[in-house]
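Each of the next two complexes has chain A plus one more chain, namely chain B in the first and chain C in the second.
Right after this comes the complex of A and B.
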């Protein structure tokens, strides 16, 4: 049974303890304004604030909608294992730049060490369009393990999507956010991939394969069985295949691993593929 | 068209009965029929219901705002929780032996009331073999919109949700076959409810909750007061088709008369907006059927299977429109697994049409789930290697087990079945295919045992 996700409100004492005991991560945490893991162990997802530019809007409601959608998606994230689901950590006051320029190599490394899977945030900005003022709503997330292990790979660690609405009251923020996060291969797929990457690096090879297989089956569903999926899905499928193969290779070269991939080998099928439905 | 006289003894909540009734902050409905317990009540996380005689108890845990569990609920949010409880009660009355309670949450309690904590406490309370379903959820509200995301957890005390083929107990320990449903909780996709829709549904329920002088909508009647501070409790003293005759319980206020619990139109709008209520209904039917087995008579196993199938199908149809979400697809997959299990139990393993696998659709819905594949493997294993008139191919059974292991190499249930499968082939040489020599089989068996040992 997967554990529930909580908002973490760290105590000051906990923060100080972390800085003392984990010197390697101290610079990163200092740079991550408002984000404090407070000594929370396990996988984490940062939820940064929503920025508002050029219009009167309540970013708080969009933040709450982001939390609602993100929490729900993480609850149904497969492969994390019982009680091992990521916890959401809110980062009040933090608003990463949409370009991803905030994520320096040292910050990414420190966040990855701290088991942060991704950082998610939003923005609302005014724009003139078709003679009337529009608001562009953006949701972006940065995939920390992917940036750490494959900074120059075919899959970009920064993923974002937007919708445009006429300026006015929020019409359907949850549906907008859901639609943005589900666009293309989708947030669920990327979340399974970064979970798989972390588990593989933690030498939890079996769980890593389960997470990557979940990603692969979602990619297959996203392509709808098309013989030639769209370029983004195709690139991501190839990436997941590579990671499955690397996970398999690492497992069988690890003398401590006695699991099914070593003992049953080829009987399980191709290392870089998971059985289809 | 007979009215069945019924004992007035009902709702046998034991030691905490008086306390729970005293806790009623809002209305509560408790109903019972003969020796069967059917009750609806409101309690809190510390004083759980003990519906003696209920096969399945449904607990509706108060929905809370996501990330703000201590925030006071709006009127719409409170109304929604009450509607879900009432709907659950009315839709489940057809199952007879049920209990329904609404569990309030104290946001300032030192230990938060979580579904997992409720499940643990019910494991301690329930008689062995009885079931519980816990529905909970998170809310988000903006202007005239209420969003909610539900999750559901279900279990039977001391009985895992597993399937075993016939003749399994004749096999030696360590060589048996068993597959389980994927582990709950089932998490559904977020839903949107407009507050005006919610108010209209609330009004529909209030109109339906009318106690009439005779079992007819033409008869005059008086409304049951829902909400407010007046507690109420009722006994069922008769039934005529979908009408039940109810009487206030032991001095509680309220009218006596007939109420219709079978009017689907009352539930239709709420279920269209919250298809997880169909899912809940189907799960209660599944649990009832598993508790009583294929010989269940009231209701019959056939009816329970039909109800369960119809409601799971309805859920899949509503949530599948427009492509659906990953969460609902997974939920639908688990529902297909429950239908498959009931079909195997009801129709018999030997009677399955050749080549048909009731779990194939489940695997298609959730291909990366090893437990789903393990259930499908069980049918293949039975067909090739356990049935008297075995007709399936053992190679295909091995392939489906290995595929299950491929998507989750550490799955202990799959490993155990793979070991049992190889042991079966060792003892029954005629089942082996040409490439599977003694040496090859011995190596594969040894490999599985090594993996199992490494896991210990």
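Right after this comes the complex of A and C.
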């Protein structure tokens, strides 16, 4: 019996191998590919592919524009330190589903272990609207640390921005992408939040505070001083406030922490809050 | 006139020899008659007859059995070798899939589960992937090892114990984190002490102690504060799963 199992077991494994390798056995919805970090250390941002559906367009043009805009934004993130901004890792052939279903808890955890902050991708698709063909362009990004540490929180880890362009292909991709990513709370806000989360977990309390305060400052600017900001901005502000408080509490209770929040606590007034402006 | 003395002596000697011979035959005949009178052939005679009758049949059977056994064992050995070669080829394809730089999580999990179906020989490969693979491959390898530790708890748990106790320098902190979680999920009681020893080694958040810890495990990737804290939390959860302590509340 034991001997026959030894023979059956490889047969079973062989059958599984066939299921794994046969192209015809792939599910209708293609599974998301992985991305090699190539041994890059420090914080990273994945730049996945731009897909094109139903029209003649150059995805490479949008991809290059995305890279350009992204690089500028990441290098200016507060708290990362000069020259220590997240590295962009290109992921050719990778195209996450817009639903976010590819980001399982196990994958999110593994990506968080690799210090991946964001996964960003785009799409250009044709759409009929008002009797003429329009071009829908959207950029989506998934916030890895937020999905890892607060998977069921008020802030959703999948964010996207889109633009519908009735005049044909993007005339100025960089400007259009810039405008898309700055809309609403904006990409910078979310990037600052996930950076702040990671820095706080690494007990870099002052840098975490700087990143979270930058997010809070942007949120204040996005609300335009309105007494009742929109629900999304209000939820984000509350989330950032909570994280600032947690960061402060952790710093004060950490006997190894000798930074500004402990040294200047009284002088700062409310060190768990951000300075105005 | 009789012959000479020498001739007469020779004749006497030949007569005596004839008499002696006659007496010997008679004694043998008497012994045989005595045996027959006592009840026929003795045990050895019977055994001899039996051996004469059955011997060729037994010898044939022995030769047939030995031939059959040798042929069967050779067939089994050859078949096993064929299966092993076939397994190695199939495993090679799965390992190749798992090591593709752009393997997705779904494919990595499918490949790792198929590898796990080969049994204990796949454990080392999956542990190697925990150390060297990308995010998707590591995630897949962990699923494969979870299946293996439940199917072969003694062998795989012992491997985990060794990795945490004596093989620390072979794997970096992400692999340590995965093995710690697997010890809990696989209910590896024999690795409990190894968990507590690793727990005692974990540093606090100061750079000096992190650097000291970094010197005790594989350096790639270098351990971070959050990584160490993740391991600490995972040890608490696994120890609780093995019984004894409750996991510490996360801050």
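The working rule: the second predicted complex is superposed on the first by the 231 of 277 C-alpha atoms of A that agree within 3 Å, B and C clash if a C-alpha of one lies under 4 Å from a C-alpha of the other, contacts with A are read in each partner's own complex, and residues count from 1 in each chain.
Assume a residue touches a chain if its C-beta (ideal position, glycine included) is under 8 Å from a C-beta of that chain, and two chains touch if they have at least 3 such contacts.
Note that the coordinates shown come from a computational prediction; the quantities given were computed from them, not determined experimentally.
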Chain B versus chain C as contact partner of A:158, first or second or both or neither: neither
First, second, both or neither for A:72, with chain B first and chain C second: first
Partner chain in contact with A:104 - chain B first, chain C second, else both or neither: second
First, second, both or neither for A:234, with chain B first and chain C second: neither
First (chain B), second (chain C), both or neither touched by A:41: second
Chain B versus chain C as contact partner of A:202, first or second or both or neither: second
Chain B/chain C common contact set on chain A: 3, 7
Interfacial residue positions of chain C with respect to chain A in the complex: 76, 79-80, 83, 86-87, 90-91, 93-94, 97, 100-108, 110-111, 113-115, 117-119, 134-139, 142-143, 174, 177, 204-206, 220-222, 224-227, 229-230, 251
Complex contact set, residues of chain A against chain C: 3, 6-7, 9-10, 12-14, 16-17, 19-21, 31-37, 39, 41, 91-94, 102, 104, 106-107, 109-111, 113-116, 198, 201-203, 246, 250, 254, 256
Contact footprint of chain B on chain A as seen in their complex: 1-4, 7, 61, 64-65, 67-69, 71-72, 75-76, 78, 82, 88, 90, 169-170, 172-175, 178, 182, 186, 188, 205-207, 209-210, 213-214, 216-218, 220-221, 258-261, 263-264, 267-269, 274-277
Complex contact set, residues of chain B against chain A: 66-68, 114, 116, 138, 140, 142-143, 145, 147, 149, 151, 153, 183-185, 187, 189-190, 192, 325-327, 329-330, 363-370, 373, 402-403, 405-410, 415, 444, 447-448, 450-451, 453-455
